[in-house]
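In the two complexes that follow, chain A is the common piece, with chain B as its partner first and chain C second.
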Partner chain A sequence: MGIEGQYPLLFLIWLAPFAGAIVIWALGPKLKSWSGPIGCAAIGVSFVATLASWADAVRSGPAGATTVVGAHQTMVTWIKGFALGLLWDPLTLVWTLIITGVGFLIHFYSMGYMHGDRGYPRFFAYMNFFVFAMLTLVLADNFVVLLVGWGLVGLASFFLIGFWFERPSAVAAATKAFVMNVVGDVGILFAIFILVAVVGSVSFADAFAGVQAHAYNGQLLFIACAALFVGCAAKSAQVPLHSWLPDAMEGPTPVSALIHAATMVTAGVYLIARCWPMWQGSADARELVGVIGGLTALLGAILGIGQWDIKRILAYSTMSQIGYMIMGVGVGAYDGGVLHFFTHAFFKAQLFLTAGIVIHALHNEQDVRRMGGLRAREPFAFWSMLVATLSICGFPPLAGFFSKDAVVYETLVKGHPVLYAIGVLTAGITAYYMFRMVFITFFGTYRGEIDPSSLGIRHPELAGTSAGLLKHPHDEAAPHEEHAPAWLMTAPVAVLFVGTIFAGFLDLGGTNSFWYGLLQPVFGATIAPVEGAAPFSELASSALVFIVVLAGIGLAYLRYGSTAALRDSVARLRNESIRMFPLLTNAFYFDAAIDALFVRPSRAFGTFFGVVVDPLVIDGAVREARVSALWLGHLFRSFQTGLVRAYALTIVFGAAAFIVYYAVVGAH
Partner chain B sequence: MLTALVLGTTLLAFLAFAFPKSANGAAKWYGVAVALAGLVLLELMDPAAFPPDESARWLSYPFASNFHLGMGGVSYALVQLLATVTVCALLATNVPRQRNFVGLMLLLEATMLGLFLAKDLLLFALLWDAMLIPVFLLMIGWSVHPATAWRYLIYNVAGGLLLLLGTATYGVIYGTTDVIGKGQVTPISDAWAPWILAAFAVAFLVKTPVFPFHTWMPDTYAELPSPVAAVVSSVQSKAGLYGFIAIGLPLFTAWTHEFATVMIVLGTIGLLYGAVIALVADDAKKVVAYSSLSHLGLILIAIFVFNDYALRGAVVYIVAHGFFSAAMFLVIGYVETREETRLVSRIGGLARGSPILAGAMAIAALAALGLPGLAGFAGELFILTGVYQAGYAWLAALALVAIVLAAAYMLRVYQGFMHGPEQADLPQRPDLRPLEIVAVAPLFLALVLLGVNPGPVANYPDQAYTMLAEKR
Partner chain C sequence: MSVALANYIALSAVIFMIGAAGVVLRRNPLVMLMAIELMWNAANLAFVAYARASMNNAGHIFAFLVITVAAAEAAIGLAIVVIVFRRAEFVDVDEVSVLKG
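Here is the complex of A and B:
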C-alpha cells in the first residue's frame, strides 16, 4: 500500500506535536502562559505540513499488477513479520486534517478556557501528546503501530479526564475509561495473533492480501474482525463498552471536544474503514458491526433524553452519532460513515466548545435546569448552539444532513431495513433531545438564582457531575475578573461554523462529488452506487427523515419551548426530574451489570486468594506453624522448631517427585 | 575479558568492605563507579561477535569440570540488564552502613554475572548458591524480619541443593559438566535424564518463583531495602527462567516437551492468581511482587510453547520486566522514605506537591501494565503471538484477561498514591532530588528505547533460537 519513498514531511506532521509536548513538559513551570501558544504552534505546524503533503496522499501509481494510492514510508523491522512503517493515503488524510485542523482550533480555544488554571502548561503538554498519539494511530501502515497509537490516545485520555486529579469523581472516571479501553486494546492484540499466524505479518497490506487469497480458514476472518471490533467498541463507546464516555465528561470541556467528540472516539470508525477488505470478506462481521452500531445510535439517543448535565447530553449524542458512523461502515457504506465522521467533527466540536462558553460564563454551572434564558445574555453562544444543533439533527442543507442521510439511506441499499428504521427513528429522537437542551438552556428565564431543590435537583452540591465535591481547581487560582479575552474562545467557534454549515457540500454530486473522488481510490468498487437496490429513492428517504426530524423538534417545542411550557418551566422541570424513569437515570444499568459481573468477582477472587489461600493454604505451615500444629494435633508440637525447615524441604521435594512422576508416567 | 569482568567485580566488591567507617558516602560512589565500569565494558561488546569463551580445567575426577565463561545472546541481554539495574540501584541507595551495603551489592552483581556467563553446570550450580549469600546478609543486616530472611534462604537453598545434586548426577553419568551452550548432548533414551531435569526444574521454579513455590517472595520483596528488592526482583528472579532457556531447553530438548504441560499449567495459574491478588493487596510492594508472579508465569509459558516468537518475546519480556520492576521498587522506595508508609489506602494526592515523583511512577506503572510503546508491550506481544501460533489460542485469550487486570491493579497503586485529595496527616516532603531522578532515568530510557524498537534484544544471536528452529 502506498508508493514507496522517503517522506520527511510525514515525520514533521507526526512528530511536531510530540516535540511540543516534550518542550512544554520539560520547561512547563518556566514557560507559564507561553505553553499555550507553543502548544498551538506545534499543532499548527502539523496542520500546515498536512496541507503540504496533500498531493502525496492522493497520488496514484502502479505497483506490480495493481494500482496503489498514497505514500508509504518504511521505518523499522522489529523481528520477522513485524515491519513497521507509515502510510499516507486519502483515508489518513481525512483523519489528519480533522486531528490537526480541528485540533488546532480547540488548542486555540483552550488558551481562553484554561486561562489561569494551575495546570495550564500540563494541560497543553497532554493535549499535544494526545494529538501525537492520534496521529500515530492514523499514520500506521500496520496493526502494531496502530495499536501503539490506540494505547497512547487512551493514555492521553486517561490523564485529561483525570486532569483535575484532586476530585475523586475525575479519578474514578479516568480509571474506568482506561481499563475499559484496555479491554479494547487486548481485542486488537488478539486480532494481531490471528494475522501473524495466518499471513505471517502485521502490515495492513499483507492482512488484506490474505483476504484476497482466501488465507483465512472458516470462521477465522470473522473472529479476527470481531476481535478488532472489540477494540472499536471500547474506543468508540459502542454498546456494551460505552459507559466510560459519559463519565469522561469529568475532563475540561476542550478535552471533551477534541478527544471525546471529534477525534479519539472515532478511531473505531477509522479502523473499520481502514480494514474494509476484511469486512468485505465476512458478511457476519458486517452484520455484527451494523447491528451494534444501530443499537448504540438508538440507545445513546434514548439516554440523551434523560440527562440534565449539558456535557452529558452532548456525550450521549456523541455516542449516538458514532453509532451512526459505525453502522455506516458496518453495512459497507464506507464513504458515508467517513463523511459522517468528517461533518460530526465540526458540529460536535462546535457544540462542545459552545457549551464551554456557556459553562464558563455561568462559573462552571453544567446543569441545564439552572440555566435558561441565555439567548439574550449569550447571543453568540445561542446562535452557535442553534446552528450546530440543526446540523446534528440533519437539517438541510447543513453538513449533518448530507452525512446522516447518506448513512441512513445506505443501510437500506445494503439490505438492512431494520437498521434503516432505527436510523430514521434515532434521527427523530436526536432532534427531540437536542432541541430539549436548546430550549431549556436558551429560552425562558434564567433559573440560576432559584433554589435548586425547587427545580428537582436533589443534591445541589452534586448537581450535574462536574460541579462535583470540589470547586474547579482553576477557580482558586484565578478569580473570574481575570478572564482571558473572550475572542480566544469565540474565534475558533466562528471558524467551525464554516464546517458545520458547508462540509456536507463536498458530497454533492454523487459520483462526481469531491468526496467520492477522494475516497474512491481507497474503497474502490465497494462504494459505487447500486441502482435499484432500495425500494425508494434517496430523495424520498431524505424527505422521510426530514419529516421525522421536524416531528422531534415539534415535540421538543411543545414540551419545552412553547409559551405555556416556558411560563411554568420551573414546575415542569421539577416534575420531570422527580418522575424520570429509573431506567434512564441508571443508564439501563450497564454500570451495575459490569460491576456485578466483572469488578466485584475479580476483587472477591483477589481477597479470597490473597487473604485465605496464599497465607493459610499454600504458605500455611511455613508462616503459621501453630495453625498446622492445631490441625495436626499435639504430635507436631515437639517438632515445631524444625517444622519450618521440614515443610519447605517437603514441599520442594514433593513437587519434584510429582513432576517426575507426571513426566514419566504421563509420557508413556 | 569475561573472567576479568567477573573476578574483577568480585575483588573490587571486597575492597568496599575495607573503606573506613567515615567514608560511607565515598563507598557509594565507589560502588557506582565499579558497576558503571562493568556496564561500559559490556556495552563495548559487539553482539555480532562476542568475545571468545574462556575456560580452565578445575576438576577432573569424578567428572570433568571447567571454569568456563562464555557469552551468548540471552546471556548478553541479561548481563546488560544486571549491570544497568545495579548502577541504578546503587545510585538510589540511601541506607546506614553504606560501605558494607555497597560491598554486598557488588558481590551480588559479581555472582550473578558469573551465573549468566557460566558454561559449566557445576560452576552454574555453585554460583546459584553463592548468590544467595549476599542477599541473605543484606536481609539480616538491613532490617528484614529474620523469619522472612530464613524462609528465603531455606526455600532457595533447598532448590540449590537439588540443582547441585542434579549436576553431580549429570557429571557422574556423562563424564563432564562443561555442556552449556554445546547443543543437545543428553541421550534422549536415558532413564536418568527426566530426574535430572526435574531437579533442575524445581530449583528454577523456586527461584523465579512460580506458583506454588512463590510464598517466600511477597514478604521478601516487601521487606528488602528498595535497591536490593530492585536487583532481586528484576535480575535474580530471572535466573530460573534463564536456566530453562540456556540449560533445560538445549540439554534436555525432548524431555522439556514432556514437562511442558505441567509448566504451562503452573505458569497460567500464576499468571491469573498473581493478578487477582495484586488487585486487592494494600502494600504497594506486594502489589508489585504479585504482579511479578503474574508476569513471570507468562514468561514460563512462553518458554514451554517452543515457538520462535514466544522465545524471543520471553527474552524481551525478561529484560522489560527487569527494567520496570526495578523502576517500580525504586520509586515506591522514594515514596516510602517520604511518607513512611507504602499502603495504597493511606497515601494520596502526592502529584500535587511532587509532580516529578508522580511522573516517574506513572512511567514505571505504565510500562508494567504493558502500555503499547513501552518495552513490556513488545514482550507481551511477541510472547502471545507465539503462544497463539503454537496452537494455544485459548491460553492467549486467557493471558489477555491478565493484561486487563494488570491495567487495573497498576493504576490502582498509581492513582492511590498520586491522585485524589492530599492526606493532611502524612508528612509533606519535597519532590525528587536530582540524584533520585538520575537513578531511575536510565531505566525509563531503556523502557522507551526497547519499546520503540525491541529488535536488538529480540535478535541477539543465541543457540536457543537455532535449536528451536532445527527442532521444527
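Here is the complex of A and C:
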C-alpha cells in the first residue's frame, strides 16, 4: 500500500495547522487580530503542501497518470510489528484537498465573521486544531492513529460548538456532540480489538490483506465492519446517532461550515471508502450501511421540511446528503460516494457561509420567518444561495447533479431498488425544503419588523434554536460600525462558486473521466461500470430524478413562492408554525427516545450509586474502619492503668505462665 | 565439702520470689528498688552456680554484665525517684499514674 520512502511534505501538510494552533493558543492575547491571518496562513501552507505533494506524486509516477498509487512513510514502530505511519493515496488526496482548500476559505471568511469577537484568537486556535485533527484522521496508515484523529476531531468539535460557552444551550450542544461521538470512538476501538485478534496488526494494509486471505472466521468480518460503522454513524450523523448535528448549530456559522463541509461529518464516508476491501468482503455489512444511509437521507430531508432556523435547515440537509454518501459507499459505489463528498463540500460550505452573511446582515437573526424579501437587500447572498441550492438539489449541470445522480443510479446498478426509490424521493424532498428556505428568506417582503407572535413564533427568545433572537456575545463586544470589510466574507464565497458549479465536470466521460482515473488505483475493479445491471440507463435515471426535483421545486413555489403565497405570507407562515406536525417539531422523537433509553437509565444508575452504594458501601467501609479502631483503642486503653505494681504483677504472671508452659508442655 | 547445685538454685529461687513479692506488694519506691536489686542478685547467684557446676566461664561473664546493668538501673531508678519526690511529696508509687490510658 504505497511506496515506502521519506515524504517531508506530508509532515508539512499534517503539522502546519498544528503549529498554527499552538502558536495562536500560546500567544493569542498578544497576537489579537493577527491570529486570524496566522490561522489562515497555517491552513494555506498545508493546502500548498498538498498541491506540491500531488505534483510530486504525479512527477514520480508513471507517465500520464494523475497520481501514484500511494506514498507511505513509517513514523515510528510502536510495539514490535505495530508500525505507525502516514499514508498518501488518491483517497487521502481528495480529502486533504477539501480539508485544507475549503478549510482555508472558511478560515478566511471567519476573519470577517468573527471580527470583534472577544474569543477571536481562541476561535482560530480551535479551528486550526480542528483541521489538524481531521488531517491526522485522513493521513493515518493504521487504525490507531486514525482513532486518535477521530477522537481529536470530536474534541475539537466540542471546543467549537461550545465556543460561546456563556450560553447554556451551546454547552449542552457541545456536550451532546462529544458524548455521541465517544460512542462512535468506542465502536472503532472494538473494531481494532477484532483486527488485532484476527490479523495481529492495526495497519490498513494488513487488515485488508486479511480479507483476501479469508482470515476472518464466520461473522467476524461483519462484526468488525459493524463496529467501524458505529464510529461512522456517530461521526457522520447517521440514524440513530444523528441528533447532535442539528444542535451543533449552536457554534458560530463558520464552525458549522467547517464541520459540515470540510471535516468531521465526512469522516464516516472516508472510513468506509478507506476500508472498502472489508466491506467488499461482507455483503451484510454493505446492506447495513446502505440501508442506514438511505434511512438517514430520507429522515434528514423530511426533518428539513419542518425547520424555521436557517442553520437547522442546512444542518438537516447535511444529514440528508451525508446519508446519500454513506448509502453510496455502502452499496459499493465508492467513486460516487466520494464524488458526492467532494461536490457537497463546495455547495454546503457555500450555503453555510452565505447563511452566515445573511445572519450577519440581520444582526444574528436566524429564524427564516423573520427574514423575507432579502433578494433586493442582499443580492450577492441571494445569487450565491440560489446557485448552491440548485447544486444541492441536483440541478444539471451543477456539481450536485453529477454526484447525486451517480450515487442514486449506482444503488440501482448494485441491485437495491428500494434504496434507489428512497434516493429519488429524497432528491424531491430536498428540492422542496431547500427552495422553501430560499422563497421564505429571499422573496416577498421583509418581516423582521413584524411582531413575532403574528408569525406564529410563540417564544421569540426561543425561536428556532434558543439562540434565535438572543444577541450573540460578540455583538456586545463589537458595535456594528466596527464591522470588518465585507469582502472578507464575500471573497471566499465567490471562490466556492467555482466548485459549486464546475466540480461535477470532473466525473464527465465515464471511465475516461478525471475522477475515474484518480480513484481507479484505489478501488480497482470494484468501481468499473457494469453493463446491463440496471433496468434502465443512467440518462433515464437522471431524467427521472430531474422530474422529481422539478416537482419538489414546483411544490415549494406553489406554497411559498407564488404571487398568491407571497401576498399573505405572514398568515401562511403563522398557520404553518401553529399547525406543524408534532412529529417534525420533535424530530421523530429521537431525542426523547435516547433520553428514555440511555440518558435516564444512566442517570438512575448514577443516582443509585450516589445514594445507595457510595454512602453505604464505600463510605460505610471507611466509617466501620473508624469505629472498630475506636473500639480496639478503648480495649487496649483499659490495660494502661498507670500503676507500676500492676505492670510488675503482669510481668511476673507472664513469666510464671511461660515457666509453667515449658515445664509442662516443653518437656514432651 | 561442696554444696549441691540444687541448693544454690533453690536459694536463688527463694531470693527471686522475695524480690518479686517485694516489687508487687510494697508501695514505697525505694523499697521496690531494693526488691529489684534482690531479683538481680538472685539471677547472679544462679549464673555463678551454674558456671561453677559446668566449669564454664560464660556464667561469670553474665554475672558481671548483670552487676553493671544493675548499677545503671539503680542510678536511673534513684534519679527518677528523687525527681518524683521533689515534684510531689509522696512515697506511694500508686499515686504516680499520669500515664494512665
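One rule holds in what follows: the second predicted complex is superposed on the first by the 594 of 668 C-alpha atoms of A that agree within 3 Å, B and C clash if a C-alpha of one lies under 4 Å from a C-alpha of the other, contacts with A are read in each partner's own complex, and residues count from 1 in each chain.
Keep this in mind: a contact is a pair of C-beta atoms (placed from the backbone, for glycine too) under 8 Å apart; a residue touches a chain by one contact, two chains touch by 3 or more.
Only a predicted model underlies this, so the values are computations on that prediction, with no experimental measurement involved.
S.K.: Now for A:V179: first (chain B), second (chain C), both, or neither, which partner does it touch?
M.R.: First partner only.
S.K.: Applying the document's definition of touching, compare chain B and chain C: which contacts more of chain A?
M.R.: Of chain B and chain C, B contacts more residues of chain A.
S.K.: After lining up the shared chain so the two structures overlap, which partner does A:L189 touch, if you call chain B first and chain C second: first, second, both or neither?
M.R.: Only chain B is touched by A:L189; chain C is not.
S.K.: Looking at A:W383 after the superposition, I want to know if it touches chain B, chain C, both of them or none. Which is it: first, second, both, neither?
M.R.: neither
S.K.: Touch test for A:F497: chain B only (first), chain C only (second), both, or neither?
M.R.: neither
S.K.: Of all the chain A residues, which ones make contact with chain B and with chain C?
M.R.: 644-645, 648-649, 652
S.K.: Using the touch definition from the top, list the residues of chain A that touch chain B in their complex.
M.R.: Its residues touching chain B are 76-79, 122, 144, 147-152, 155, 162, 165-166, 168, 171, 174-175, 178-179, 182-183, 185-186, 189-190, 192-194, 196-197, 470, 602-603, 605-607, 609-610, 614-615, 618-619, 622-623, 644-645, 648-649, 651-653, 655-656, 659-660, 662-664, 666-667.
S.K.: In their shared complex, at which residues does chain A touch chain C?
M.R.: Of all residues in chain A, those touching chain C are 636-645, 648-649, 652.
S.K.: Which bits of chain B are touching chain A when the two form their complex?
M.R.: On the chain B side, the touching residues are 147, 150-151, 154-155, 158-159, 162, 194-195, 197-199, 201-202, 205-206, 212-215, 218, 255, 258-259, 261-262, 273, 276-281, 290, 309, 312, 349, 351-352, 355, 366, 369, 371-373, 377-378, 380-382, 384-385, 387-389, 393, 396-397, 400, 403-405, 407-408, 411-412, 415, 418-422, 453-455, 458-459.
S.K.: Under the stated contact criterion, what part of chain C meets chain A in this complex?
M.R.: Against chain A, the touching part of chain C is residues 20, 23-25, 27, 32, 93-94, 96-101.
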